[in-house]
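One structure below.
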């Protein structure tokens, strides 16, 4: 563990080089593209900011707003769902805890498109799984929220719940039980214990979960497409349209850079405050 | 005391509700695969495994699986090797610049995947690489390698380096130390890394969509067939794909177990 | 000591445990414990690990609910009152300080929970800092920047902040080094005298209990074995367990009116099946009960010397004598004896 | 209008990287680096075997049964990618992907107006392929415009699937006769605001909105026409109940009573559903409209051989094979759809379709629909119109 002449950099090198080439590199190229004149397809030194100006003036703020709003709502709702779940799993589930956690984790490994499709056949009116079963069993006719922004939100919450739950479980496991008892002993009620002790101590996990959920939602597209009936256009859909049907790479790239910038503005400050060593060590 | 029992029931109910929320769509997929019409009217008039027959006899199903498998295996091999090296740098040694390395390393995890996929596609075309399953594997690596590195790092952090020094002191060579002390202890971490790498690659959609070119992996096919032109073939292939990945994981687990028993 | 204990018992009972039991599954951690604790007493509950002493204090603090039995505070049943509504405070073994807060915020916690305004809280916190002998400058300091002893004092101050009627201590000094522990033991005792509060203290160290307590309760396997003043416990242990728990002792069984271990007749007024003789009472030279012992080990304890002895029949004994005792080299044999009035008799 | 300028503007809409004109030295260096990285880091699992026949295609030719049959009869392996849109794929070839693909199938104008002049496709030997046209419906008899180069010298591909692609109604709510008379004005009718869906085939949507705005989609637009387009575009998109790329979802929405009609759609989106008994669906081609008096749009797919520098030996065989009755039948039923093909004039093929299937594709009125439609062509001002369209989409919600 000595500093001088540590082999650390040698071990880091292959990964770091890969990341520079395949992560930093593409970001650079996208940025370069975003500075090219509209609807061109080559990288030159004829830089222009017209795409950024257009991105702001052409109503792209609206899709961005929907994406940010969706991400915020999803983050809050998943946190509200995951918090009690994490507490129950950590403190009360006992030997069931690992089984239930595994059951909740499992779907992450089933393709997102499949699960969203399942959600859409479940929600479908008349002949859907829910509506059809209710009708066949009880003769009840129900409506549907399919093809609305709300349906897209339900889909986002569904897809991202595990991404909130697992960091939160890590966070909750960081709370020593005696601190909660101490707070109880010092007169704190349930709510005060949560606010004063549990939340601050679980904050690293909550922060990672919120960050992960928020950022993943920012890029989410399939939910609005499969469940939302494109009731609104999210930013990723707008970017894809720019690349595909509109054949305007520089503009698409400018929008991409915009999303990257917003992501970085959110992620970097939080990440710089997290102590990764402590978290991974537990 | 009675209040405690109510609370307990409430907790069980809550967890049951969460599990239902998570599994209802998956059960719905299975139910949908048992129809023979694409204009589903549940409950089905005819319950049939027809779609599974079609899926299993179709070459496309095999092709989708072989492409997904090629990508996932490449990702597993590369991410495990690079990830183990990365984890050593991440957790085992204390060196100047380690904090920066750690932050840079986890950054891609917190990056919108579709944006990453698009950026990679632009780069591939800009430097003239034709998209194929190989570029898709490369794209997967950008997101999966950091996760695998973190997973292996967790194991390294819980590992007392003094053991290696003790082995040295007892006369082991560098190689012997790695083989006899280091590897056996971080092996569970590497195995979890393999598991994560495989499953995350197998199910990845947003990166594959942009970077797989003419080689269509399973999730991309499922997405394009869900988004356009649905038929019961789609859920049946989805179920088959999920079962296959589960079998691979269970198979790998059994192999590992058998390997340990033999030793 | 006895006078002090008597004075304590004159006072009204503040906490009354009646048949308190706690089961975890099939195992009973605490079995039918009944104690009346007078106001202002410093009661120490002593027991080896696994004796149920931690469970007992958690029952008292309200962190566990008893399986049966009742707990009364000034005659009012508080068995079902949760911890946060009991006018008591617990100092945890781990201290359980809130690492995400400053010293001041830790101390003010209980007051903040009750909605005490910030300026009053601060004034009280500074008072408490003074009480535990920490300067005002600690107020703003993060607890993570405090040393072990400082953390102990912060934990104490935090417990006092809610102005509790009773303070419980769950082995708070077990994890710190010897010298600091000695200092803190004395300070705790002083604090008890200065504040006049009731202290219930848990420890596995009888030495600690002896120094601080008005009364000592000895717990074994969840059973309350004996309760009394330190002198009573020391002089009249209830059984061999209590006797040996007080430190190294010589236990001599009595068979047919003799001590078979040393081949010496037992005194005629033998009041039990076993004679307990303390090492400091087994001394060189001739006493009421004398025998020849071989020295097997000699350990220097500073001002005293501990000798490990073997009787002619091979039984092991311990003697502690003042000074360096140069004469008692390993391998040599000497006459050692004890007086019959120093014997503590027990039946079990 | 100046045709050359139009073609240039199409060519500039160049998606996945143009043949790049910047420093070739840098590019070669980057390629070297990339190749090195790829070679060093990836196991070459697929590299050893010979290249499979590669199709860049609409979904019917990616039908698993069709491909399985091709594999078993020829022993040649196939792979494919399904189009996002015609221009995207054409421009991918332009970007240098001619080295990847052997077969491309896109709609009417692309082969003649873009791909052939740009050298992206090969011409077919006329002695081998002209006879195939003799076997098709009268409409496609040689010299057939879309299959030939402008000088009529070169044969550019084989025609197979075709139809009119306009809109679909629930015939229990809107009678087909009324819908054909009303045409695109149905979507202008405030009664149907919130009662229709949009199938987001975006280039088609742009053409349809032109029709609804009373503008000829394939003529250059005046500013006044663009303004009309814009107004119609915002209104139609705002009033849509749902927008999706999945026509099954739209059909279900009609079935479940959420909507009464949707555009864009036609036999391609309805035939399979009608065959399954969802007879509420009915494909409509308006009787009249602003495009030379016509309101429908007729697409014809042309199957062409990509000008691959390393031509696949089986490429021409594939083009011929798909027109054989067995293969053509599978193309017509491609991916579970039902779609008329040009070879249906041959009794051997036609007789394979049952009365129910012919009813499902509304075969008895098919010729009338074709007659009421203009042929799909390049949309001048597409960029301008598309920007309006996508801005309208973004302002939804």
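Per-chain residue numbering starts at 1, and chain names A, B, C and D are given in the order in which the chains are listed.
Methods note: a residue touches a chain if its C-beta (ideal position, glycine included) is under 8 Å from a C-beta of that chain, and two chains touch if they have at least 3 such contacts.
Everything numeric in this text was worked out from a predicted model, so none of it was measured.
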| remark: Separation of chain B from chain C in touching-chain steps, minimised, is 2
| field | Chain pair, B-D or A-C, that carries the greater number of C-beta contacts | value | B-D
| request: Look at all chain centres (mean of CA atoms) and spot the one farthest from the centre of chain A. | output: C
| remark: Rounded to the nearest Å, the gap separating the Cα centres of chain B and chain D is 36
| Using the average of all C-alpha atoms in each chain as its centre, how far is it in Å between chain A and chain C? | 55
| query | If you average the CA atoms of chain C and of chain D, how far apart do the two points sit, in angstrom? | reply | 89
| message | Taking the mean of the CA coordinates per chain, how far is chain A from chain B in Å? | response | 17
| Multi-chain contact sites of chain C, meaning residues that touch two or more partners | none
| message | Residues touching two or more other chains, restricted to chain D: which are they? | response | 16-17, 20, 37, 41, 95, 244-246, 249, 252, 255
| task | Among the residues of chain B, pick out those that touch two or more other chains and give their numbers. | result | 39-40, 126, 138, 226-227, 230
| task | Provide the full list of chain pairs in touch. | result | A-B, A-C, A-D, B-D
| field | In the complex with chain D, residue positions of chain A that touch it | value | 18, 21, 39-44, 58-60, 62-63, 66, 120, 124-127, 144, 147, 149, 225-226, 229-233, 238, 241-247, 249
| Partner chain C, residues of chain A touching it in the complex | 176, 178-179, 181-189, 192, 196-197, 200-201, 203
| Where on chain C is chain A touching in the complex? | 61-63, 82-86, 88-90, 92-94, 96-101, 109-110, 112-114, 158-159, 161-162
| Mind pulling up the chain D residues that touch chain B in the complex? | 16-17, 20, 27, 30-31, 33-35, 37-38, 41-43, 45-46, 54, 56, 59, 62, 64-65, 67-68, 71, 79-82, 95-97, 99-101, 244-249, 251-252, 255, 272-273, 276, 278, 335-337
| note | In the complex, the residues of chain A that touch chain B are 1-3, 6-12, 14-16, 18-19, 22-23, 25-27, 29-30, 33, 43, 81, 84-85, 88-89, 92-93, 100, 103-104, 107-119, 121-122, 124, 126-129, 131-133, 136, 158, 161-162, 211-212, 215-216, 218-219, 221-222, 225-226, 236, 239-240, 243, 249, 252-253, 256, 259-260, 263, 267, 271-272, 276-277, 280-282
